[in-house]
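In what follows, structures are represented as structure tokens.
Across the two complexes that follow, chain A remains constant while its partner is chain B and subsequently chain C.
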Partner chain A sequence: MREATIGDSRHRLAVALVGAGVVLVALLPWLADNYAVRIATMICLFVTMALSWNFIGGYAGYPSFATAAFFGFGAYAGAILQAKGVPMLAAWLAATALTAVFSALLGVAILRLRGHYFAVGSFAVLELVKLAASSWAGLTGGGSGLNIPILAGGPDFASRVFLYAMLALAIVTFAVALLVDRSRLGFGLRCIRQNENAANMLGVDVDRLKIAAFVLSATFVGTSGAIYASWVSYIDPTDMFSILMTIKVPVMVLLGGAGTLLGPIVGVVAFQLLEEKIWSSFLEIHSGVLGLVIVLLVFALPGGLLGLPARLGWGRAAQARP
Partner chain B sequence: MIDTQVLLNGIVLGALYACIAVGFSLVWGVLNVINLLHGSLIVLGAYLAHLAFTHLGVHPFLSLLPVAVVMFAFGYLLQRLMLNRVIAEPVLVTLVLTFGLDLLLYNVMVLSFTATPRRILLDLGRIEIGDVVLPVDRLAATALAILLTGLLYVLLRGSRLGRAIVAVRMDRDAAMLMGIRVPVVYAITFGIGALMAGAAGCLVAVVFPFSPGLAETFLGKAFVVCVLGGLGTVPGALAGGVALGMIESAFGVWLGPQNATIIAFAALLVVLLVRPTGLVGRAGYE
Partner chain C sequence: MTGNAILEVRGLSRVFGGVRAVDNVSFTLGRGEIVGLIGPNGAGKTTLVNLMTGVLQASSGSVLFEGVDVTLQRPHQAARRGLARTFQIVQPFPEMTVLENVAAGALFTADAGSIRKATEEAREHLEFVGLGKLAALPARTLTLPDRKRLELAKSLAMRPRVLMLDEVNAGLNTGEIDAALDLIRRISARGVTIVLIEHLMQVVLSLSHRVLVLHHGALISQGKPHEVVEDETVIRAYLGTRFAERHKGLVRHG
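On to the complex of A and B.
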């Protein structure tokens, strides 16, 4: 029971902070220009991805690199449906469902692997889906990409629609993360991370929980891909299935603090703002600076930004359960 | 005979792939680190050979030796100063660290060598036997690749150092109790991985046009070779390399190069699921 009360105060703080962030983002179109709105939309997109990755990579401790595979899958599913005349919202929902089914089937296959082998398996999945998208030209347009009808109503209207869509998706993902964090599922996943064999022997249904975490890690990423496709109105395989994106997400989670509720969000906001700054200040060497930041992060912030207060001795509130 | 040609192409390509992957495989098997830097190290080796060739006129097969020494030192220091500090952390941490280092190295290479593709043209002619045609430079590179891979095998099997590496790979704690200095073995192993990458780069420079962007392709090949053949052993890398070479050569002819890559990755997934120890790997040997 003690666990539950600590959890509750932690959750209340997280919900309050996230609520304040949501209000800020929702008011942004009246407070700032379209550039800021664009950054906020990207932040919401990556919050969804980071919270999703956290289910499998953070809670269950399975280093998945399939994030971009689900992002691209959702983007293509949504784009193909929209190009065939399905209304935008329906296409997003259908893409969500399709990604969930796709990830469940994949999960049954590759979740038998552990550690490095799982990491490589998920890499291979990403590569396979990407190659399939560039080869299957009849359906996906192949290497020349796919155009999606542009949303009518002008750029200001469109930028708001996609900001709110991404924000809503991020809120839904956060709510699910909140539920999982306090549920038996979240507890079971933490057990798997600590010792899968022991968890299995003590009666945790390891296979089902892992597949549940994998599907959770994919579903909303699929939706975000579909929304992104409608937003940018042009997609191609290299952009949608990017290795850089698939590695950026875990880096963000590590930056914030893995396996915690707020960690992914803190990490995303810090990383996106930092990257934006690096992009604009060091165009020629931005990937080098990014690399340097990552290297420093690994050595200087092993527990992520959320682990910082505890390291400085500011009490245990933000310290994640190890 | 088109089939003999396909077969020979597969072997030639396979030997090169084995050489590309064997260092990656060794580091993964012994250190339990997926070295995302490996592709960039190969490209770096290729650029060093190219520099020596264009500025000093040194033949790439000769500059291979100094390049290998420089790369070994680079790898040794990298492991000693950085990776050894986080070697006990979960998989994700070392992965993210090598990814960050890779971004850095990539950026440095683009700035120093630009993104223009380069190639060392030796133009040694070709051998024709019946319908089978083989360029001599490619053949020589293959022979050297086999030689280098063979030398590594002899080193691992025959020397005290090699036996120490194999011992650490089998059981780190037991090796430590036997008086093997594990951090040093780690650093040497990573150095050998970088050395093999640099040497493979010198060979690659003769066979393919290269640019910093090719690092990702080499890394992908190394992944497939490792998993197909089995981790951390030289025979595994050879088997995986030849398997990948054959797949690319055969399916490249039948279905086109793009689809050959799909088949290669599909084969990787199937082998992962059915026989995670690889084609020639032994169960429990990891």
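On to the complex of A and C.
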């Protein structure tokens, strides 16, 4: 019998799989060339973002399009601090804290909205932050962007530093996701997704939990933005507040399985493989193919890849948790 | 307020635009009492429950729980105080198992401590309402009578002091209603104060110690079941003459 909420064996499996992935990525610089290291760094970046989005979009069921807003916010916060001479690591940590505070304030404002209205509201946040970054030229360099000091030590050294930084961040995010998944918070968020009013009547402090989920969805994305800025050493508003990114992250999570622990990771890996292996041959219709994936997801894979076994009727022991 | 009262409503009103959905309503609930709340559709019964559980804010008046003014409470605070309610339209978490649904009540309201402990408690409540065998099924697969029982089990997991049952018998057949009545009696035997919102008069009359009658948002009568049934105002507003005749007999012989 499937035992409610307490899926200890499920968690052990997830940790084992992720552990194997971590070892593989950590050894990559000795196994493969810089191109593979770069792809692995991007995968770690997207894993962080997908796991983060899953808190608000997956567990709580609030479809947020603010991911790129927090990515860009963290990137600018880190870049501005680094440009002013703050050491790299300290700039990353400060960017993390600033993003957390920023998202908490935003959450209080836009989490009153539900469903489509929340989605539109979160999208507006992205546009507003982008506008601020483009207009506040004194601080952000405006449209001409911002340069960040390049890390000394040569390209091979730098590529490893950023790989391990992104990997460490993805591990931290996963650890937090693991804690949330088995905690009161995760349980409460699942209740909110399925019936917010009933959850409230049942004693769930819905406002507080939603804000917690929103802050979790932003904080590590902010860190990833700051690390990314140091990595590429030049940022501008168009790149940092990309609409494509803000849509890609939810699509990745839905592809893997929203509201599950492993779903976001599976989704990112599957999506990146698709992108590297197939889309690179269709450069002109790149976004067309993305659209196709979204349509296929909605119609054919409502539970994501992890929901597939259950959908095909492969026993109830399957991972799928709706 | 008598020493035995657990909940007191004083001059409670709620206005929607020009409509007084609840109009200057006052009453008290005694500890362990079963109180029927009846009235025509749109009389304000559900609005009244919403005001008492923080879902809606009162336009004026106050709600006192254990002598403490709780008028401004929010729904999750009401739940944690022990003011639980079921919904007229049952509201399970559809994709969770039956057991998880009940565990949620134990976890967030009754402060079971850990999810594991909440789950253990939930199992007891499921046995109590007779859903023990269905614990592992997703809630969406339950039949209507079982959903109503699940709703009760969820409320019980909240360790309620006052339980407001909003038409828990609507849509059930006679056999199912008998089972539900038995369940309500057993819940009451645990010392829980029960407010019974009900259209089925035989249910109200057989269970209630006292009956409140709402009409156009106002409390037009309250008293022992047989008094209320014979009240001319109630007969005119709600029961109708013919029903009144029949139910008079029912009260005397029941």
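Simple rule for what comes next: the second predicted complex is superposed on the first by the 312 of 322 C-alpha atoms of A that agree within 3 Å, B and C clash if a C-alpha of one lies under 4 Å from a C-alpha of the other, contacts with A are read in each partner's own complex, and residues count from 1 in each chain.
Quick note on the criterion: a residue touches a chain if its C-beta (ideal position, glycine included) is under 8 Å from a C-beta of that chain, and two chains touch if they have at least 3 such contacts.
Every value quoted in this text rests on a predicted model; they were computed, and no experiment measured them.
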* Is A:Arg112 contacted by the first partner chain B, the second partner chain C, both or neither? -> first
* To do: In the overlay, answer first, second, both or neither for which of chain B and chain C A:Leu89 touches.
  => neither
* If you stack the two complexes on chain A, which partner ends up touching A:Val206: first (chain B), second (chain C), both, or neither? -> second
* To do: In the overlay, answer first, second, both or neither for which of chain B and chain C A:Gly188 touches.
  => second
* Touching A:Ala198 in the superposition: chain B (first), chain C (second), both, neither? -> second
* Asked: First (chain B), second (chain C), both or neither: which does A:Ala36 touch?
  -> neither
* When both complexes are superposed, which of chain B and chain C contacts more residues belonging to chain A? -> B
* Asked: When the two structures are overlaid on chain A, which partner does A:Ala16 contact: first (chain B), second (chain C), both, or neither?
  -> neither
* **Touching residues (chain side chain B, partner chain A) in the complex** => 28, 32, 34, 82, 85-86, 89-93, 95-97, 99-108, 111, 216, 220, 223, 227, 258-259, 261-262, 265-266, 268-269, 272-273, 276
* Once bound in the complex, which stretches of chain A touch chain C? -> 1-6, 182-184, 187-188, 190-191, 194-195, 197-206, 322
* Mind pulling up the chain C residues that touch chain A in the complex? -> 53, 55, 74-76, 78-80, 84-85, 87, 91-97, 99-100, 103-105, 107-109, 115-116, 119, 122, 135-136, 138, 154, 158
* Write out the stretch or stretches of chain A touching chain B in their complex. => 57, 61, 63, 109-110, 112-113, 115-117, 119-121, 123-125, 127-128, 131-132, 134-135, 243, 247, 250-251, 254, 258, 284-288, 290-295, 297-299, 302
